[in-house]
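Next come two complexes, and both contain chain A; in the first it sits with chain B, in the second with chain C.
And then the complex of A and B:
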């Protein structure tokens, strides 16, 4: 039982990061119908930028996070403006290919600037942590749980109550009609990219703090992908919850069945999910009157 | 107010959907565009609204002006701001959003307080919409959806409302209700209406001027009573034959008559 709790809790700790990363995928897909394959790379880029900032100035964790949120919003806007907007009106598939190209580019740029050696993101929370019975959690892991909750709540309020958020849902539902009503669709897309990049930035800083930096950090983006499929590609909240599910599942499968299953268990789950509920656990099936 | 002059629209640079279409709508007037499927009516409306580009459509000739200012090349949201808004064919509501959210999106070009005010106006025009304000739009009946679609367009306080086949797939009673509302709107609020319809009889009953479009061209225009007197219109659009009773289809020389219009 203790073993089970231990696995579950550490699964949740990594799962919340999958959830955060997944929210970014889902948001961009929901708003623009593009699967952003560069999401993990954007996250890596920002965590390396965070490393440069943290090693130049000594900032407290929250200060660093705030600066990174700001920077990642700009990164998101720039990427949208330079790489994605010219693809507007083209086939969605072409845009997806652009994101794949972008992913490869960012990976190369990161190695070019920061080198291929693993680095540690220096923050003031370091190795501190809290003990709950026999489970020990790092402060950074607790922050990760809190930040996921915060992002989920923030996104919910944004999509439900702000005009821009409702416009984003409207654009996702019917783009041409959104244009007809005078919604500035390019604006909506840009905001979606900026928000997704901010979420990627938050997850990047957390990953850097908890696990350190390496040129293979982008694979975490891929690892989080099953969460997005499980939740339903267009469900931002589904991605958050499924992230935790996938994290726990990975840990349990490794703990009880065997080494090596961790990497693939998530993908096994999405195989099954896609057969039973092709739109994911929380995705929207087409609304139809009968 | 709105002047469309010799407009030519092509899709994919090769398919000519509209050629030399000219029409005008005056302040507070209801003008209707009649024509069969694929005649180019909806394309003209999309051209005016500036939403041809997602479908690879292009206006390659002619002018579209609103009170003397050209609308061609302007962004859809600027066109909405200038007072021209379109209700697309088949309602096209934002299905996953609630009725109120749908309406508020129609008022996106206005300030929040302006939109809230417009919301009350729409509820006055369509009381039934008010009852359903927090329902998911996709679950409404066809008639209610059409009311929401028109209401959503009205949220921007347009001076020209363009309706693309509002009667499509609706029960006669609902159609009458909607047409009455549109008619009131033009009379009381002085909103101009450009109405695209397949149901010619219905459209001619509320319009003050009508254009008939075939193969992307305006082939005939005039006030409704003049058009209703025309033998061809009677036969092809209103379904009456010359003698007032059914004719043997073998005797009808459609092609000759159509040819006369096109020459």
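And then the complex of A and C:
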């Protein structure tokens, strides 16, 4: 039983990161129907930027996070303006391929600037942690759980109450109608990219603090894919919940069934779930008219 | 003056060659391909071999993604299945090449069926990510099934030989690959002009409409998966013989993404486009190698790789931005200008 609790708790700790990353994917997909394959790379880029900032100025963790939120919003807007907006009106698949090209470019740029050696993101919370009975959690992991909760709450308030959020939901429901109702759809797209980049930035800083930085940090973006698919590509909150589910599942399968299952158990699960529910657990089925 | 190509009957519409000029050019191309290795250096022959092998696989992917519209990032997985089948059969069981090639194709086709069935209900990006999951799972299975696949240490394949004739050099292997590529191109072209190919196109345009018009969508989607993965499996087997060593590292997701970018750069849905895309993308890598190499040791080895990656990413982005029809689109435009000059159309 203790083993089970240990696996579950550490699964939740990694799962909240998947959840955060997944929220970024889902938000962009919801608003623009594009899967942003560069999401993991944007996350990596911002965590490396955080490294540069943290090593030039000594900032407390929250200060660093705030600066990174600001920077990542700008990164998101720039990427949207330079790479994504020119693709408006083209096939969705073309835009997806643009994000793949962008991903390749960001990976190269990060190694060109910061080198290929693993780095540590210096923050003031460092190795401190809290012990709950037999389970030890780093402060940064606790912050991650708190930040996921905060992001989910923030997104809910934003989508439910703010003018922009309502416009975003309208655009997601039917783009053309939203446009006819006077919503500035390109503006909505830009905001969606900015928010997704902010969430990517938060998860990047957390990942950098918990696991350190390396040129393969982007693979975390790949690892979070099962979470988004399980939740349904267009469900922001579904992504958060299924991120935790996938994290726990990965740990349990590794712990009880076999070595190495951690890498693929998420993908195996989505294969099964998609057969039964092709739009994920919380996704909206698309009604097609011919 | 020729003012255009006019098809006046259905048989003309689906004929392999639309006019005599095309036939002449095809003959010229085949002759050129036959004498090419006599003129090329060993290094270049090896490069061309790699391109032709990739082309076999990418033509297969094009049938699935370009013609049927099912986006697949499973290319690396099917390549791995094909390559490992060939490597295991030839190295551990001593099977000859002429048996290994179809066996790899069939094995990959079987896996295509396995991936295809759960994918029947999925569309668009859901499908893309599921096929990506397949690639990740396959590499994991290969790594863990050490008894058969030798795990992470990889397998060395014997020299390719066909009916007792050893194809030891790249130049002799060239002709075998050329023959298979020709078969692949003919096969793809014939599928496209047949009933099956038209069903594929109908599914790409709008699968519900296709179903309403009497196309059994599920069956044809599975056909597309099976045929495409057969191609890719054969390409994987050839790859195993070409590199003479298979290892899981050669089949990362990057290969899948590269393959999709090749059909996009070439032009979605066109067999010629697939081949041109392969030549362009692999050629670009080679040219970059040469250029950066001739610039001397001012750059570290890490940054050479990264610089190549950056330019590669940029090429994909620029192509999609400015020429979404791909190189075939440019060619068509140029041809129209040439034929109609001095008129616009």
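The rule is short, and it goes like this: the second predicted complex is superposed on the first by the 285 of 290 C-alpha atoms of A that agree within 3 Å, B and C clash if a C-alpha of one lies under 4 Å from a C-alpha of the other, contacts with A are read in each partner's own complex, and residues count from 1 in each chain.
Going forward, a contact is a pair of C-beta atoms (placed from the backbone, for glycine too) under 8 Å apart; a residue touches a chain by one contact, two chains touch by 3 or more.
Since we're looking at a predicted model, the values are computed, not measured.
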item	value
Clash or fit, chain B versus chain C on superposed chain A	fit
Touched partner set for A:233, first chain B, second chain C, both or neither	second
Contacts of A:182 with chain B and chain C, given as first, second, both or neither	first
Touching partner for A:66 - first (chain B), second (chain C), both, neither	neither
Partner chain(s) touched by A:263 [first = chain B, second = chain C, both, neither]	second
Which superposed partner A:157 touches (first chain B, second chain C, both, neither)	neither
Computed vertex angle (chain A) for partners chain B and chain C, CA, steps of 10°	80
First (chain B), second (chain C), both or neither touched by A:101	second
First (chain B), second (chain C), both or neither touched by A:5	neither
Chain B versus chain C as contact partner of A:166, first or second or both or neither	first
Least C-alpha distance (whole Å) that remains between chain C and chain B when both complexes are overlaid	12
Shared contact residues on chain A - chain B and chain C	288
Of chain B, residues touching chain A in the complex	49-51, 53-54, 56, 75-77, 79-81, 85-86, 88, 92-97, 101-102, 104-106, 108-109, 112, 136, 138-141, 152-153, 156
Chain C-facing residues of chain A, complex	29, 35, 83, 86-87, 90-98, 100-105, 107-109, 111-112, 115-116, 222, 225-226, 229, 233, 260, 263-264, 267-268, 270-271, 274-275, 278-279, 286, 288, 290
Touching residues (chain side chain C, partner chain A) in the complex	71, 118, 121-126, 128-130, 132-134, 136-137, 140, 143-144, 206, 208-209, 212, 253, 257, 260-261, 264, 302-303, 306-310, 312-317, 320-321, 324
Partner chain B, residues of chain A touching it in the complex	89, 163, 166-167, 169-170, 173-184, 284, 287-289
